[in-house]
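Each chain gets a letter, A, B, C and D, in the order it is written, and its residues are counted from 1.
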Amino acid sequence: MMVDSPDRPEPLTGDRNLETEEFVVNMGPQHPSTHGVCRLILTMDGEVIKKVVPDIGFLHRSIEKIAENRTYHQFMIYTDRIDYVSSMNANHAWCVAVEKLAGIEVPERAEYLRVIMAELNRIASHLVFLASFAIDLGAVTPFLYAFRERERIVDLFEMTCGQRLTYNYMRIGGVSKDVPKDFVSETKKFCSYLYPRVDEYEAILTENPIFLGRTKGIGLLDLPTAINYSVSGPPLRGSGLKWDIRKDEPYSAYEKFDFDIPTGENGDTWDRYKVRIEEMRQSARIVEQALEGLPEGGIKAKVPARFRPPQGEAFARIEAPRGEMAYFIVSDGSTKPYRVKIRTASFCNLQALPVMARGWKIADIVAIFGSLDIILPEVDR
Amino acid sequence: MFELEGIFSAVGDFLASFLGAPLLQIVSIIAVAGVVIGFLMVLALFLVWWERKLSADFQVRIGPMRTGPHGVLQTIADALKLLQKEDIVPLTADKKVFFWAPVICFVTCFLAYICMPFGKGLIVRDLNIGILYIVAITTFTVISLLMAGWASNNKYSLLGGMRSAAQIISYEVPLSLSLLGAVMLAQSLSMVTIVQGQGGSFLHWYIWRQPLGFLLYVTAATAEVNRTPFDIPEAEQELVAGYNIEYSGMKFAMFFLAEFINMFTVCAIAATLFLGGWNPPFEFLSFIPSWVWFLGKSLFLVFILMWFRWTYPRLRVDQLMAFAWKFLLPLAFLNIIVTGFLIYLFE
Amino acid sequence: MRAARQVWSGVYNLVLGLVTVFKHLGHKAITLQYPDERMPMFERSRGVVVLLSDPETGKLNCTACMVCARICPVYAIDLERSEEPDPETKKRYPVKFEIDNTTCAFCGLCEEACNFDAIKLTGKYEFSVYDQKTLLYDRDFLQELGRDVPYEKKKKPLPKAKAAPKADPTSPKPEEPASPKPEESPEESPGEDKPEA
Amino acid sequence: MTPEELTSKIKATFAEKVEELPAVTGIPAFKVKPEHLEEVCTTLVSDPELNFDNLPCLGGIDYPETNEIGVVYCLFSFAKRHHLNLRVIMPRDNPEVISVSKFWVAADWFERETAELFGIKFKDHPDPRPLLLIEEWDEGYPMRRDWEGKDFIRMPETGQEK
């Protein structure tokens, strides 16, 4: 097959050695398994990955700059858009940080409602993880099952706050609306519905030999590296550290609930998957406890519309589904923050991808990337 | 009653009454080819629709509903849409090879049906090396996939093409070996003889004497036609679409339909060799025409393949190779040795 | 022995997966055939923004106090107050009330801030259009949209107390979302610095 | 270590190299001169009592009024469970500070982000390419307070007017 193409290399002749050549594959920005707009520049030797360079910034909206231009109340809706898969948690982090800054006491009912919503959102987020992780490995059906359950959570949210994705539910000093009448019974029903469903996912995936082959021992991340890379959340717990901000630095009402912190042993892809599966059960437990002990009372502290926190700085972090989400706020006493630094979990977790992926096959990088559960808007902000 | 054999011979006699012998030869060849290809095209369209409906049902969805009752005409509409699409050839592609790859893929998938016994007496040509011919001709697919992967001049395509070459050639070995057991039992390579050897009740089917062979065959065949969990050549999450990433319009449709026809081919082989072909499971059920049995058994196996696809994750390329060479191949050899030993013992 | 157990566990789990998936065959689908079937919207659903009118007088509740325009995080509301109060209701009214639905984030802050039950986010959706400019909704269109929207008076008493509309008025049928007349894109309105993702 | 113990420990260890700032919601905060940063960080990582093994957050901060620009380091120790807030204040004209990515790899991307958004140069950075912005970005440093971009509209002070 001779085709007259000028840039075709010379045919190899006898006196030249047959050399193999590394080649560069651009995985993304548009690729089925980059979960958004992320570009991974892979240097490959055949199927084996020699080097990964993540290229981010395609979704950069400069939310930190926008924050300097919005009041504290207004910025709430932008926190939704930092991490749209778990925007309740992003709301929560902003509220916790601003309340820390201004020293606002939040009514107990509001704290309980926040915990319920944050944990439901954690379940929803982990369901999205499960769905996309399964599809990354080629199993399409669990995707639909996971979204079926997520739909019920989203219905609960819509019932409460009116939106299905960018909830904008929490307010500085409380929450925006009290839950509707049948929310408590519906949520209890959902929790008891969830446990058998999680068992179902496990039946399809967890011990499946093909799934084990694709995840066990793949993408190892040892604990010192994880800590040094500031990896947080399920990847950190998957590497074996029993660390959860909800337990270790409790915020809201988390100290009142009884739950376990699941951890992995080897820090491989399977461990990270298993930690998240287990966390769904624990979150359902927290929700059940919170519903049981939901106190009566107000849902919002008095915060003026023209809210001016005192001059100062605040650093607050919470345990979002993907890991640690922190806000560093500098206030100059006006209605707008002077500087907001948003630390998101995906940003740091993605940074550890090159270490984890080196030496594995191209199919594995999909699994490893999926197991980190990266949300790209959270990386780029 | 509804046996098609009579109809075909009647048509043949009718044609012979006014056509001379050489002309009859040509006309009958064209007619038979037309009938087989037409049947397979309809079958492929049906399989695409069925897969979509079945996957929807597994996933608590509905699937196509708009075109025709329960969307049965959906694939026809899709095919018509693909026919109208612009035929895009990448600038840097190897144009000739790029063109011929889908054609070869599409043509070879029909060739296997020359000696496929659809029913009692319903076979285009009963070659005495039938099964050998089928195994040989189905391997042609790999050439077309490799051509497609190479000619697209795309890194993902190339990876897909290389993967498919490695995979299909590797799985060809355990596939052929697993068929040998049935061939040894039938003492023949002819498809018709193999089917006739399984006559009587369903207890005479070779699956009872070749359970391991059957399992090995189904596994290897799944890999042979690039279905999940062995669909790494077109692994969507890694290679986007593998070898057919640059193909669009009718060329893509050819690959797509060929994939489904290939899937039916391997299932039909399994039905013929292990499930008694067109033989009914019980003597008293023989009033149902033989081709219904053949189709039913083949489609049942197709269902199992689809069931696999919508349940399992995908293997990795090195695991796939290891599975073929380290697991399937020794078992296939073991199967042959045990079969041979038992045949020697009981006869 | 260990290998045998591994093979057994592998086969068992492969079959378990198949059975689990098989159990879903024949279940009722969870998806909807969208244009034929529609999901019922919750009472609190935050869809398109409408302006509410008094069911008795048919006039807008809005007094053009600018609270919504100030709280809006994306500055989607462009509002102009009348010079003179309305002779009937003795209230000021908006002479111009435009919501730019290309920037609206459906956050509901305007509804929360409003003290006059004048603006509300409803469960209405399906406002896709071919031309971006037609997404700039003007006052009359927003009022039409809000005609059939039931609402409850907020607890806060109105500055000028009026007969509270008790029952939800079974007012006219929902209008077809006729696209409002295309207007100039709001140059004078303070846009936002960075578009939403 | 409790914040009070940590404060006194750090004061004792570094003496005049650090300068105490008001605590950030209970977290001890210190100001470090750019030239001392490397030394301070070395001790913070290696001292068995301090043992700061984790860098959760790093960001820039701009003070155009005093013509200064700073970098804030939020440190944490998983081993000892204590927080520390360090900051480096530099003149705004040519800010330059040592990269801490040799102590905490997590600083790599944080510093790349801060460098392109604030225009702070991090010496000895292993990979000083831009991270979030496009490679041919030439509109200055967008996160500085006085930055004026092509499409950037500063919002009116809606919250304060009556």
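Things to note:
Assume contacts are C-beta pairs under 8 Å (C-beta built on N, C-alpha and C of every residue); 3 or more make two chains touch, one makes a residue touch a chain.
Note that the coordinates shown come from a computational prediction; the quantities given were computed from them, not determined experimentally.
If each chain is reduced to the average of its C-alpha atoms, the one that sits nearest the average of all protein C-alpha atoms is A.
Most remote chain with respect to chain B, judged by CA-atom centres, is D. The mean-CA centres of chain C and chain D are about 42 angstrom from one another, to the nearest whole unit. Put simply, the C-alpha centre of chain A and that of chain C have 28 angstrom between them. A separation of 25 Å divides the Cα centre of chain A from that of chain D. Here the spacing of chain B and chain D, counted between their Cα centres, is 64 Å. Residues of chain D in contact with two or more other chains: 154-155, 158-159. Looking at chain C, residues 14, 17, 20-21, 24, 30, 193 sit in touch with two or more other chains. In chain A, the residues that reach two or more other chains under the touch definition are 62, 65, 69-70, 141, 145, 148, 204-205, 208, 210. The touching residues of chain D, counted against chain A in their complex, run 22, 24-25, 27, 29, 53-57, 59, 61-62, 72, 74, 78, 81, 83, 85, 104-106, 108-109, 130-134, 142-143, 145, 154-155, 157-160. Residue ranges of chain A in contact with chain D, taken from their complex: 56-57, 60, 62, 64-65, 68-71, 100-101, 224, 227-230, 232, 241, 243, 248, 306, 312-317, 324, 326, 328, 330, 334-336, 339, 341, 343, 347-348, 351, 380. The touching residues of chain B, counted against chain C in their complex, run 56-62, 65, 307-308, 310-312. Note for the complex: chain A touches chain B at residues 1, 3, 5, 23, 25, 31-33, 47, 134-141, 143-145, 148, 204-205, 208, 210-211, 213-214, 361-364, 366. Listed in rising order, the residues of chain C touching chain B in the complex are 14, 17-18, 20-22, 24-31, 33.
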